[in-house]
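There's a structure below that I have some questions on.
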């Protein structure tokens, strides 16, 4: 077959046709060709992949006692995973550089100051802008995520929006929480003012807490449901949550309040609506319609 | 009468009153302690007689034992300061009997040998050593308390200590360590090294320098004695009104903080004025070593915000001893007022701890990598940004207090924002490390330890800064592990590196690096175990400040305790290295590291006047390194590329 | 001429301890006093914040003193006036020594010292004759401490002003070098601001705007 081949003949010493546009990637290709760059980039990717699972590890430990038992807690766990992922690149590059520096650019030992000196790099515009850009982006992401998340959780905690975005099919329950040295007591003003030292609530119902203290500062922490608010003497604070898992979970005091602070614990029992109603009747209260 | 000062000038002198040094020839630590004790005992006895308990007085009804104890502690402080000779200065000023040059030389410790360390000596080098010893003593005391804490938490099957005593130990451990960490870099190194580094003969106010140290000394016995008087059972933060339920030992804490705040404020005035007005000729602001900038940043934050903490304790003492009601809600007080006043200092304070250590490591890295500091201007911007924004983040310690739910938004914003200037400092560290040949001596290796711990402290800080996540984590052991990673992991390990670096200049000996490294690295790895397990305990749901807890947390606590004991061993080994090297280590040359900052250009041991002739500075101290070989390649490529471009047209 | 002799004959007054020109040490001292003012300002703000914050919260309706026996405003303003007069006298003294009139300096310092002493006594009298105890609620506590702070400020000012004559006689204050006197006047100017701020808040913010704070220990508003 005869095809006209007008490539330069093999062995010809004529250069290739110059292109019309200059090669703008020459600097990048030069940088990539330096002996330390590819190992660092490889280590960077490896560390990113190692750092990201830490988020899951963190959540694993949080879930050991039965969490998540509410949307708020699930939201918290999602945030931890997301924050770990977005922070991973900066963590990874820092780790990479400090570890590589111990192996890749030469080491000097001995008593005398080194004779050889290192490259006098006083600035690097690209590196600086990349870093400042990355940290700013990260900060911006964390802020925006945090602000949106806080607004969402606040809305579901304080009653303007029910946690599942459904119109109020379920009537919320108010609980007055009193912290004192060294126990918690819960009063249900709308259920006939019954009072108990264990918190019993029905599942999938918004619970709104009014919290105060009669002596020193305590902190009302419903562990697996992810809510916490200080119980302050002389003030009433508020929080709220909708439990979405049946079971017994922990309430602990999270602010040092004296001698038996460690023992200021009780339980939250998330039960079905029917179980809750019969419990209310047993306690001498009345069911809210 | 004239005096020849620095072999150069004959300066007219005021009248010499008595022998040089005057009253201070007769005062020292012994007279100070004696007079302090005498005045305290006298106050207690006479006060008890004059105002029997339960007296109704015109305005101050029910002056009780608390007020008497407060007066007793205050008498100790005042008596000690009289006995150490601190009042000689103001009294001489009032009389117009200003110091002569001979007086000043005496007070600087001239010809007094080792005895000058036990007196009201103004030489910044003496004060630096005094601060170093005090910092180590406080760290040791706090460390001992830490071992007790971890013992209690490790013995998960029993209560080792009575709960009140346990609560006292954790509170005392906290405040002792906070004080120790505030002074550990700025005290020894800010005093001894910084004036040398800027080419000055002493600090701006030498007598105030001695005053700030001895005020600190006077503040310690009230704090330490609290354990004998029932203890501070309320954590180092001493939230009110829990503090008013405490026994009288609480007053020791309050007097300690009030006194320590004066010490820190005076030190801040001295550091700032020295750095701003006493730099050597030619040391313009862009030639100032970065360590000095860090000290300046920390001093500014401390000076501005410490009075908030001081007044929070004054008002708490007033509530405790005089039944006022700043923080007692039944009577109109607000718990949130205390929390705000406290954390307005409480947050800048952590930067007062971390910034000097970071700045010291930035300074020494340059020497061990033999290349200039990467982007000095960005480092300065980083410090400035941290100082500025640190005043605007304090409410993130109060997310869960219910003080102001709306405040969560702006303070989450400011808390995330501060990570940007902090990131500048990390950028400078990484840029300086980049492509450097590492001289693997102990001070440099400490930099790696610090950066590693900062990474972990940083990511956990990111979690905590988010208000919803904080709903889970606040008040749990997760927070405790986070701040230990920042303050101890980055702060203390960084400080150890800085002290190892400047050890030859301060003591005239080389630190035994083999033993020092063994101690350091044992502590470092044990630290990961201790506080890594503590993160887990917190995530599992263990609250802070509890001595007994759910069995689910047992394993984490056992691991933490084992790690803590190993930290103790490691720190003791490091201390052994310091002590033996100081006493009989290899004699150090004047510049063992080949560094270019001014403190290394003078002799070791440093003469009283620091420099025979004050230096004149012509460049910044980062003139290391060889031209970057890749720049030539880049230029060649750039030229080639331009040829191609030219050829294509 | 040897350098030694030349320096001896130099007209620039020098510090006896460090040999530096007094203009250098004066500048240093001035920065030091500014730093002290900054620190004291934060402390003053702490007390003012305590006052305003407790006033705004009215926790447990216990801000006001029993039977609303607020402190008489006049003593506050007399004390403020006293501090201002003493400060003006001190500045007058400084302008005198600057022009070489030592008599004016002495007169100004004496007036400043006496007025400060009288004001301090007045402050102590006010403290001991309030119509309430320090135990009578948050307003009482905050007002007491604002006044105690003023008393402490006045004591320091009294120490400083009374030193001026002795220092003049000992030759430490001259027309060429009176920097310490200026610094004392500077400090007193700050004290005027602090005392004024305390008097302003204590006299203008009395009854709390918050009348429905929750009753302690209950959930009732």
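Each chain gets a letter, A, B and C, in the order it is written, and its residues are counted from 1.
Going forward, a residue touches a chain if its C-beta (ideal position, glycine included) is under 8 Å from a C-beta of that chain, and two chains touch if they have at least 3 such contacts.
Just so it is clear, the structure is predicted and the values come from calculations on it, not from any experiment.
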Relative to chain A, the most remote chain by C-alpha centroid is chain C
Of all the chains, which has the CA centre nearest the overall CA centre? B
Pick out whichever of the two, B-C or A-B, is joined by more C-beta pairs in contact. A-B
From the C-alpha centre of chain A to that of chain C, how far is it in Å? 49
CA centroid of chain A to CA centroid of chain B, Å: 31
Need the CA-centroid distance for the pair chain B / chain C, whole Å please. 30
For chain A, write out the residues touching at least two other chains, lowest number first. 233-235
Residues of chain C whose C-beta touches two or more other chains: 59-60, 216
When you check chain B against every other chain, which residues touch at least two of them? 329-330, 333-334, 336
Considering only the defined contacts, which chain B positions touch chain C in the complex? 2-6, 8-15, 58-62, 90, 93-101, 103-104, 201-202, 204-205, 265, 268-270, 272-273, 276-278, 303-308, 310-312, 314-315, 318-319, 322-326, 329-334, 336-337, 340-341
Could you please specify the touching residues of chain A with respect to chain B in the complex? 18-23, 26-27, 30, 34, 36, 54, 58, 61-62, 64-65, 72-73, 75-76, 79-80, 83-84, 87, 90-91, 93-95, 97-98, 101-102, 105-109, 111-114, 116-124, 127-128, 131-132, 135-136, 138-139, 142-143, 145-147, 149-150, 153-154, 211, 215-217, 219, 221, 223-224, 226-230, 232-235, 237-238, 250, 252-263
Chain C residues within the chain B interface of the complex: 3-4, 7-8, 14-19, 24, 27-28, 31-32, 35-36, 38-40, 42-43, 46-47, 49-50, 53-54, 57-63, 127-128, 130, 133-135, 137-142, 144-145, 159, 162-163, 166-172, 216
Note which residues of chain C are touching chain A in the complex, please. 59-60, 213-214, 216-219, 221
Within their complex, chain A touches chain C through residues 176, 178, 189, 210, 212-214, 233-236
